[in-house]
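Here the chain labels run A, B, C, D, E and F in written order, and each chain numbers its own residues starting at 1.
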Amino acid sequence: MRPSGRAPDELRPITITRHYTKHAEGSVLVEFGDTKVICTASVEERVPPFLRNAGRGWVTAEYSMLPRATTSRGGREAARGRQGGRTLEIQRLIGRSLRACVDTEALGERTVTLDCDVIQADGGTRTASITGAYVALRDAVAWLRGRKLLRRDPLHGYLASVSVGIYQGVPVLDLDYAEDCNAETDMNVVMNDQGAFIEVQGTAEGHAFRREELDSMLDLARSGIADLIEHQKAALAAD
Amino acid sequence: MRPSGRAPDELRPITITRHYTKHAEGSVLVEFGDTKVICTASVEERVPPFLRNAGRGWVTAEYSMLPRATTSRGGREAARGRQGGRTLEIQRLIGRSLRACVDTEALGERTVTLDCDVIQADGGTRTASITGAYVALRDAVAWLRGRKLLRRDPLHGYLASVSVGIYQGVPVLDLDYAEDCNAETDMNVVMNDQGAFIEVQGTAEGHAFRREELDSMLDLARSGIADLIEHQKAALAAD
Amino acid sequence: MRPSGRAPDELRPITITRHYTKHAEGSVLVEFGDTKVICTASVEERVPPFLRNAGRGWVTAEYSMLPRATTSRGGREAARGRQGGRTLEIQRLIGRSLRACVDTEALGERTVTLDCDVIQADGGTRTASITGAYVALRDAVAWLRGRKLLRRDPLHGYLASVSVGIYQGVPVLDLDYAEDCNAETDMNVVMNDQGAFIEVQGTAEGHAFRREELDSMLDLARSGIADLIEHQKAALAAD
Amino acid sequence: MRPSGRAPDELRPITITRHYTKHAEGSVLVEFGDTKVICTASVEERVPPFLRNAGRGWVTAEYSMLPRATTSRGGREAARGRQGGRTLEIQRLIGRSLRACVDTEALGERTVTLDCDVIQADGGTRTASITGAYVALRDAVAWLRGRKLLRRDPLHGYLASVSVGIYQGVPVLDLDYAEDCNAETDMNVVMNDQGAFIEVQGTAEGHAFRREELDSMLDLARSGIADLIEHQKAALAAD
Amino acid sequence: MRPSGRAPDELRPITITRHYTKHAEGSVLVEFGDTKVICTASVEERVPPFLRNAGRGWVTAEYSMLPRATTSRGGREAARGRQGGRTLEIQRLIGRSLRACVDTEALGERTVTLDCDVIQADGGTRTASITGAYVALRDAVAWLRGRKLLRRDPLHGYLASVSVGIYQGVPVLDLDYAEDCNAETDMNVVMNDQGAFIEVQGTAEGHAFRREELDSMLDLARSGIADLIEHQKAALAAD
Amino acid sequence: MRPSGRAPDELRPITITRHYTKHAEGSVLVEFGDTKVICTASVEERVPPFLRNAGRGWVTAEYSMLPRATTSRGGREAARGRQGGRTLEIQRLIGRSLRACVDTEALGERTVTLDCDVIQADGGTRTASITGAYVALRDAVAWLRGRKLLRRDPLHGYLASVSVGIYQGVPVLDLDYAEDCNAETDMNVVMNDQGAFIEVQGTAEGHAFRREELDSMLDLARSGIADLIEHQKAALAAD
């Protein structure tokens, strides 16, 4: 029934490649099927103005798509001179989600910036970004700990993200582009390894969705995110 | 327990004043307690480029706060030369929500722009904007119908929006600024008069929230939105 | 003869509502007939770079129109990414005029920003803005004095502003939009309560104007401004 | 008494050099003492969008100062990415003034752009710009007439501009920078060869100015502008 | 002697991976050692305004570095709101170079945009970009020919690019970042498969360079470019 | 054979006028035939952020063309809100070239900005700018030395720039606009008075150029630059 032939509760093949580029403190290529995102974590020994002398650090994100990550070429935001609303909305979501698992006092007065650059898009770029950026952040924290720059671990728990939706009347997990275009409802969920919610963002596309539809989507998301966290743990175990 | 003394499931005083300014096809001052937003609906006989010759209309929104709508003065976005991420995120939400109740073919090849300008902010500006903009949109549609420019009603059903959150461990409805700053979870919900969801956006602020917390917040939202739709109907009945 | 039926030397109904919004140190809704402007005064304990350590304060203004303050919707300047020439010209005029009655040394090293946001336009938005902003500024100064932050009053005298013009060959006071569009000459005048000039800006629209026309317009302006200052005093007396 | 030793009613040496650069349809170097402005008139066979198919032409102006036209280097507006309020205000004044002597129907559906680029500033750059741009405009009109592109002369009459002010209590004509900085009042006047006003813009700098001061300044302006028009006529006669 | 241990006339390991991403008509990952650039060619059936109805096509380029392609994180140009001078200079060079081997009439009225996105930088990003973009362009042309959209081949010959410089007094080929920082002279050369020059850009960094130094650098460039063209041919032969 | 009737190795008439405007520390009008550029050198007692406390100064350049410097009017970059790629490329070249003859330690912690504003363009504006800016820089250095602000001369040697190209198969020196439009190759060369290269930038326009063509162009450039340096010396000798 799904264009990809997947079962409703089946994730796409997930790949998490660490140390993908050489300069960043954390660098991950995350693949959710044909969606591929380079997530790098950069550590800088400064904080934004509103945190100066507050004894706390900051975690933030930037998101972008290469112009030809998509089926037709999208204009380059740097050439247009402004980031679009979709970009800003996504990078705010990524940053907010990751901060939910960070003890910024333990991080110290420094900033970790997660750059999520989509090199190929096939649906779910924001959920792949969050899932990959978490691993890059963890590597950056390990890099700081390796240099004895942290007194305690600033990360509490794992988190990952997945999309769920209603496609042809059926709740499905991890929508690819073919499904995303035709979904009646689209929901992005971020959860931690306790099964609690960090973010829930659901939008009716075709028709308003009912409470029981919401409930089945959340059930699918919980199970998908648990799987994704296993993928993260496996990638982090290998070294 | 709530700073305002309200019961957990109690809305702030709601006022919807139609015909607030004289030039717009729909013009509403909406007040959720001390949050006051001017929502105007402007009809223009043109559509954005991506809809040219598509036989459909468009509904979009713009959102702004007067610089001193807040406790300290915020810089004017026009002077800074760009709209911030929060602004873009909110106006995308308002536009998307309202389109969910519009039959764009019935609207014809024209655009209705909902301008939501916050003149005083005390929490919940986006939910007040959606609730007020719906009424302004309905007045603009009535204006079009009065001029015999529509063959059928492009609006299906009512919609309104409210925020819910967890404040000091208790789920509460329609947070004001004092609660919003200290809420552990903040969720904005848009629903129609069938009790179905248009948008659900929940964010963990203090700690990740559990499924049962989500459930109680959604229950509160459903009841609050039903009340808000009654306010809309009462305002629209008076003429 | 005038579209509104007013006598040539007759102001529109003038309303000055203080404490219009709750956050600002001064907040005024000023109405010149159907022209309605929210003028807020915001006190900030900093000065612009060119005044650092100069022992003086600063008074400045920003001006904007809500997109649908006018008969057809104007594009939002924040969305376009720049303030237009008309906006900049008007806000420079407002700021310069108000500084003419301020002793910036007495104000101390702080800035008062006057935001003039037009919610409904019917001609004369800049003169209404100056007239209302003066009252907001005065309330902000009173707020500072109430907190014992000033050693002496930084305001010397009152000031107000009105437009005058030649409409169908006759000098008229306080043009509304219908007159403004068709006026042969349009002049904005700012005066103090001594009857001396702060600003005079006259523009020939239809034909160049003669010295005697200029003289009659200035006579009208003087009398109109004297009336406006009475309105300001009455509004400030009430508390 | 004046820093330059001039009499109160004495202009600086005025030079108007036509055909200053070779590409423009009109090109003038105008000098008011040490203030030097290149004014070019460019004819383009198109009109702005709001005049399309209106059977009328348009005259507009742009103004700029070379970064080191002034005693200290000013930032380049192109590098900052926006024109300042002063620039926009001045170029609006120049364009509006010149349009006051143009019959845009006689001009036909074309645009004449007056570029006023200040290469050296010593006070009065806007009045020199208007005075020089008029001559460039006249040359551009002659160029159009030479090509038989106009059926009748679109220019009615001459116009020029000068500044007047109160310096050390005395009304003076054509202020240079040393006077401008210390003037109590500064007024720019644009008049035609009938002695009628196109623009009057007066600003109190030190103290509000009285009606009789205004009157003496306007007397000085009338006589100075009559002289400037003689300079224009002499320059245009030479060929 | 070279930090990398290479001989003065030795290229870094060169890898050219075609079909790197799935949406673009041409997609290449090019690696010059640790410098890695994704070059995509996008075909669009439109031309820029200056070529409308000219019966010719256009080839253009855009260049960007991911923020963490470099040792320290660079600000994202989209976030800053403008592309820097270096970016514009490089993308103008890439576009100009590639157009030198394209018969734009044979291409027809369409545009090929070469996006060169650096995912890891270690010196020579512009020469790698040109070398990789050529291959992507060739694949895009093959795609057009496969769809019978071209009557003849618009590409004449091959072209590639390499950097040369003087490092510690010795002319060297294909500088990596360690050499680039310390080179006395840095030159980028673009040549075709006839050994003729498309672009030569040499800059003295430490001291002005003499004619004989220029000559030896050009000799090195010719031999390096011949090798790079062999790499291109090998990559294009494989399918 | 050349449109101007010049011999292939003949420069246009060169004029270098010092002290052209009165405010700048160095101010030169340079003319290469009908190409006229005002080059000013401005000394400021600050350095860019990346040089703070480095004990060194900075030399930088900005370049612009007046809108009607060219045969048809070009849009003003300040009005468009960004400098174009060509402008940025040229001003980077001018700055880089001049820094090649400056000992920034000897200059001390200050910045010299060279503004090159083209008032009339007829080909070769960048080479004229470099040649004129060198003289302005030298005057600014003399001004600093006159004030005893420098301990030693920060300038080592002279430098100038000229364009060379292949026009109708023949290498020619100092192309004017008529040649530039039709040249098969266009090369800009910056050299010092030792005959060594500072910059070489050659671009194939019509066909790729061969090594022997490159060689003859460089020979022409060397001789032309030697002449230009004589012009600089003569201008500097006069005082």
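Heads up, the rule we're going with is that a contact is a pair of C-beta atoms (placed from the backbone, for glycine too) under 8 Å apart; a residue touches a chain by one contact, two chains touch by 3 or more.
Every value quoted in this text rests on a predicted model; they were computed, and no experiment measured them.
Any chain bridging chain B and chain F, meaning touching each of them, is missing here; the list is empty.
Common neighbours of chain A and chain D under the contact definition above are absent.
Among the remaining chains, the Cα-based centre furthest from that of chain B is the centre of F. Taking the mean of C-alpha positions as each chain's centre, the chain lying farthest from the centre of chain C is E.
Between the Cα centres of chain A and chain F there is a gap of 50 Å. Each chain gets a centre from the mean of its Cα atoms; for chain B and chain C, those two points are 33 Å apart.
Here the spacing of chain E and chain F, counted between their Cα centres, is 28 Å.
Shared interface positions of chain A, defined as residues touching 2 or more other chains, are 81-82. Around the ring, the chains sit in the order D, F, E, A, B, C, counting from chain D and moving first to chain F.
Against chain D, in their complex, chain C makes its touches with residues 82, 84-86, 88-89, 91-92, 96, 100, 187, 191-192, 194-204, 207-211, 214, 218. Listing the residues of chain B that touch chain C in their complex gives 21-24, 27, 34, 36, 38, 40, 42, 44, 62, 64, 66-73, 76-79, 81-83, 87, 113, 115, 117, 119-121.
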